[in-house]
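In what follows, chain A forms one complex with chain B and a second complex with chain C.
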Partner chain A sequence: MEFSGLSIEIILNTLQQLIPLILAILVGVILLEVGLYLLLARVIKTKHALPYTLLAPAMIALIVFMMYPLAFNVLLAFSNLERGTFACYSPVSLGACELDHLYGLDYAIQNFSDVFFRLRDGEIVGWGRLLRTADSTFPVLLGRTVLWTVTNVIFHFSIGMALAIIMNQKIRFKGIYRALIVIPWAIPAVIVGLTWRQEFHVQYGFVNTLITGLGGQAISWLDEPVAAFIAVIFVNVWLGVPFYMIMLLGGMQSIPTDYYEAANIDGASSWQRFNSITMPLLKPIIIPAVTLDVIWTFNKLDVIFLVTGGGPSESTNILVSALYNAAFGPAATTELGFAAAFSIIIFIILFIFALVWITTSGGLKEIYDR
Partner chain B sequence: MNRAKLLALVLLLVVALGATAVAAQDPVNLVIWSQDGDVNNVVLAAQFEAWAAEFAPGSTLEIVQKETEVLRNDLLTAGLAGSGLPDLVLGPNDAIGVFVDAGLLLPLDDQFDTAMYPFNLGAAQIGGVTYGVPTNAGNHLMLMVNTNLVPEIPQTFDELIAAAAAVEEANPEVQGFAYNLNEPFWFLPFVHGFGGTTYSEEGEMVLDSQGWIDAYQFVHDLKFVSGVVPEECDYACADSLFKEGSVAMIINGDWAIAEYLNPETSPALVDAFAVAPWPALPNGNRPQPFTAGKFLSIPVTVEGAQLEAAVAFATWLTTDPAAVEAYSIGTGRLPAISAVAVDPETDPILAASNEALATGVGMPADPTLRCMWDSVRPNLEAVMSDSMTAEEAAAEAQISAEDCLG
Partner chain C sequence: MSTQTTANPAQSLASLSEGGYKRIRQYAAAVLAVGGLVLTVINGFSFGYLILGLWLGLLIWKPLHGILVFYSAISVYPILRVVSISLRPTESLLSRSLDIIPPGATLSSFVELFQEEEFLKWLWNSFSITITVSTIGVVIAATGAYAFSRWRFPGRRPLLIFLLTTQMLPASMLLIPIYVIVAQLNLTNNVIGLVLAYTSTAVPFSIWILKGYYDTIPPDLEEAGMVDGCTRMEAFYRIILPLSTPALSIVFLFNFLASWSEFIVAKVILQANTVMTWPLGLNELIGTFNTDWGKYAAGSVIVTIPVLLLFLWQSKYLISGLTLGSVKG
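Moving on to the complex of A and B:
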């Protein structure tokens, strides 16, 4: 037995284990599909037998991989699952259970109030700590999350738009530039995070080498709270720009040139063409892109986790990284009931945002109306 | 040969064959979650093969390496699901308390002869019950030196600072001294050296005593006054720089010794590696690292032939002198049984490690210790970024610990 990393032998062994499993799943799905189709067409005799059959795998996957975890998470929020009560919820634990019930509204009230408040003898004595520092309260983390999201989305959109406009011009080697710009999007986030962590090292990182080479002062990127927050924003902007560039470039290329030619005849300036033709016609792309970006950025755990780990002093944590750290990180206390409640609150915030934004912006109107 | 003698011979053969069949176990496939490093896991795999060849031919051991926090979370998650737990868990003792609290480890007093482990078994006992057997003693931090760069081992921090400055002057590309600056496990020895403790005599968690304040101040000054440590340095930084000869002195644990003695992983340290107890602080005390060792535990879901095999292998690995020598001394760590001793003549590095171990403080398996680690970490980071004073850090850590303890 050796630990020499990924070898041909390991890959072959893995494939040997995986291929029969994949084949079994494939055969099972085909048999189930045929059975379902026969049931719908011959027994129930519905005229939608084929669409239902084709939709079934996706529906089952949605139920198993999304609805069930979501429902389980809600159930957890109604539990008192923490270090001291673990034995009550584990089917194999040898520990003694001292709870008289496993799930209940009283636990849910406690879990949800713990996200916001610190209670002593039933009295609220201040904001609750979601992590270990005094600043790890819900309002502070929400404020930082909003700042993180807004800053990222603004930079993603503006740089992505600028690049899309440039790429939409007749310039040489456009394909090469486009490929270079898309690279950040193609690299796995783990590699991006770990690489940038090294590049932000105060002594050996490329960023400080560049700064000092230009005559500036080296910055402790990972040791200073503000610098660390700028560092994670920078990495996430770098990662997110290609998405906008591709979406907006695709949108720009679908705008008929007739509009611009007519505007030119009317003597419109570049800004007028952009403001009156490009922007309105890009709206059906911009609104969904911004909506998705807000949700992705609000929930962006990997960059923060890999570049700063939420540090220094928990100062770069946003709501989701605080949630991860509370549930599974070094400061985790196995309070999964509390963590589940915390995650539901984040879900509600995002749900409300998405609902209000989509309704007021009308960005998805064209898609829904088709 | 008359018929009676033939019958006796046949009976003898049957008994002998039966005895052999009892000694040799049926093949089993064991899974171990190991918090140990790659080099040590290679030795563990070789040791299992040796055991299996002799006692359970055809058996296999799947070693799944997991970092400390990942191992803790994964075991708790598997425990909640009620399946997927391994047959053996190998790690330091501080996670044992959490697992015992969750009721996920088997009591081992009936499975092992606990008298075989005279040194550090207490580190894996909770309420007098044993939940782990030691594969080695130690898991302690000590001073590690590249003797090509620093021929004289510093005995005090003043000497260390002077030696580091001399190295940097002579070799501008080399860092004199480095360690994992923001990690509480590296900070606790300073606290102990200044007289601080995690628990008071009454058993209360006290993280704001003068010893803690002095320790925060001392590590702050190492960075901001004497400037002997790099501006940023985590474990990977100190470890990799030391291996390539770019740092002269580091603080690291016994788990890393095997890698530093390996010419392939540490070419700069060939014939130039020494370990020593921590240099003394200005108050004359040496920092006192936490000590315990690595322990093998068995989850509650293991039963039948799997349990028999897990116990048999763990017993052999931790008590058979040749196995203990291979897996502890062979990986640069100290044995946990008296039958195997370190020879200072032939193994000066382990002898020095043993000397460093003697300066340490036993690390309790109390699960509330997590509140200390987690409360100290962000405040230590704040001190090391000069954004909080030592007094503020100690006070804030105490508040945080009380909040954590509930």
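Moving on to the complex of A and C:
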């Protein structure tokens, strides 16, 4: 008996795989906690026995699922793993391997330098070509990433702030507006991306139908570099506004109205009220929100991947989407060693930025102070 | 704005003339609305003019509502379009019409989706993977987050910073090694492989959110319990865990929403298309060689409705959870 590809057999088969996994983890967690507690409290007698015990399952999971893969990623940057050499790195022998060593400094030098420039026979051949087209080099991608991040954050913030200010007035149907405006946040990202890709279609998408209906010229959004970049930015702005609106509105509602009443008595204009009451009091919300948004936007892969795939001719690639394409994308030859090195460089850039920004702005300070 | 301006006598004079101004705006709005209606009738009932007229009228009459209606429309319209396309009969799938309820609306795309594609199987794969990941995330994170929230132990600060740093990793930085590991374990094209990949991001995220919730439960509660003779462990299991069932369910929900609609990782791990989750299946439907808009839209509607309802129903908790976990700490 089968309906729409699903049969009892398939259900049982999946359950047979997954239920033992869940049970094993559950039993493992309990045994680990009991055993470790007895060991720490009775044998070693440390005063931190209880917190360490409670922390153990999470720590083991972090080591297995986070730290080990990250360390492995560093190791991969010292490897020559690509589609052609996959057999060499597989634990089961898959066939002949032509490499004389699997990991080495020479590979690392090759991988890391490939990010910035191509070395051919000891000579530098210009900036590295990360993908196929000549101009998708590191500085171009970095510049586009910065442009992408800054544009998105500015639009997110200003539109979110404008909506929050309006919603903070005494206005009817507030709940309905709020629910409607939040919707982009709630829709699964795949559907958002794929749907917008359709809607930017030159012939059938509603964007062009609207433009021509208002007397404009149809634009082939996904075939022209500048238009495609505007399209992906538009989609990401559309996605990001609700987060700001909700955060800022929540913050505004917690500002006591007395401040505004006092300002009114002093005859403050609405701009003065905004600039000297709302903004400073919202700072503890704005700075962490902007910090998170910068990090999220810098790393935002799915919108670009789904709407343009980095195209046309890699003109909408930012660093992370170029990285994905280099590792798994259709345009690449699965150069995993190079991609691992590339990913480390991207992470270092973001990390340095975050460190400088967080220390200078004092954002996220509360997080580890508590 | 106008509610705050009455305190000043000079301003209340201004608001008198504002009354006349208001009436002019009302007339202008009415003219625009009627104009839209007339244009609609002249142009053979194309309701675009009516909508434009009504909206311009609203913008003049009540500017704030005008702006909010405009932005709400931008937020909702693409979604309504998907619903509309899912109801179109096959022959007008590629029509350029902007109507929300298409002429000759039919459910045939929904029927075809189930009959011609393995949609139910995709849903089942996504569902079973998602439930497993969410359960594992909650089980592993629950006690650890409590430790982070209540004790100051050596190593706490570096660990919290590490957790924060994991949020900065480019997705591919984890995906590359996990793909290689999963491939080496021979678990590609297997639900277990995808569960392992998702767990790696679910665990730090769950700890982070849960810690935020435990921080809001006052420690007095367990202290009271311990005065009454509980050990710390008993206090945790008898007092804190029952109190944090809403938090645990929210974390479950967060993980559920995140892995339910995950696409990028699934595409890498499940390359052979023998096992597919619904995002992969829907992508396949409008991939390079296929453009089954109708079936794609029908599938999107089916998977989005429960997520949307869940989100709106729980939005208060979801949003406060997100802000607690990620911003206020």
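Criterion: the second predicted complex is superposed on the first by the 334 of 370 C-alpha atoms of A that agree within 3 Å, B and C clash if a C-alpha of one lies under 4 Å from a C-alpha of the other, contacts with A are read in each partner's own complex, and residues count from 1 in each chain.
Methods note: contacts are C-beta pairs under 8 Å (C-beta built on N, C-alpha and C of every residue); 3 or more make two chains touch, one makes a residue touch a chain.
Model, not experiment: these values are computed from the prediction.
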Combined model on chain A where chain B meets chain C, clash or fit: clash
Which superposed partner A:L248 touches (first chain B, second chain C, both, neither): neither
Partner chain in contact with A:P225 - chain B first, chain C second, else both or neither: first
Partner chain in contact with A:F328 - chain B first, chain C second, else both or neither: both
Touched partner set for A:V153, first chain B, second chain C, both or neither: neither
If touched residues of chain A are counted for chain B and for chain C, the larger one: C
Which of chain B and chain C A:L70 touches, first, second, both or neither: second
First (chain B), second (chain C), both or neither touched by A:Y177: second
Contacts of A:Y89 with chain B and chain C, given as first, second, both or neither: both
First (chain B), second (chain C), both or neither touched by A:Q203: both
Partner chain(s) touched by A:I11 [first = chain B, second = chain C, both, neither]: second
Common interface residues of chain A - those touching chain B in one complex and chain C in the other: 3, 81, 86, 89-92, 203, 328, 336
Interface residues, chain A side, partner chain C - complex: 3-6, 10-11, 14-15, 17-18, 21-22, 25-26, 29, 33, 37, 48, 50-59, 61-62, 65-66, 69-70, 72-73, 76, 81, 86, 89-92, 159, 162-163, 166-167, 169-173, 177, 179-196, 198-199, 203-204, 206, 209-210, 213, 238, 242, 246-247, 250, 260-261, 264-265, 267, 270, 285, 288-289, 292, 295, 299, 301-302, 305-306, 319-320, 323-324, 327-328, 336, 339-340, 343-344, 346-347, 350-351, 354, 364, 366-370
Contact footprint of chain B on chain A as seen in their complex: 1-3, 81, 83-84, 86-87, 89-96, 118, 129, 131-134, 201-203, 218, 220, 222-225, 311-314, 328-334, 336
Contact footprint of chain A on chain B as seen in their complex: 38, 41-42, 45-46, 49, 61, 63, 65, 69, 73, 76, 79-80, 82-83, 85, 98, 101-104, 106, 182, 230-232, 237, 300-301, 367, 370-371, 373-375, 377-379, 381-382, 384-385, 387-388, 396, 399-400, 403-404
Touch list for chain C against partner chain A, complex: 1, 3-5, 7-8, 48, 64-65, 67-68, 71-72, 74-79, 81-82, 94-96, 98, 114-115, 117-122, 124-125, 128-129, 132, 135-136, 139-141, 143-148, 150-151, 153-154, 157, 159-162, 164-181, 183-184, 186, 190-192, 195-196, 199-200, 203-204, 207, 215, 232-233, 236, 260-261, 263-264, 267-268, 279, 282-283, 286, 293, 296, 300, 303-304, 307-308, 311-312, 315, 319, 323, 326-329
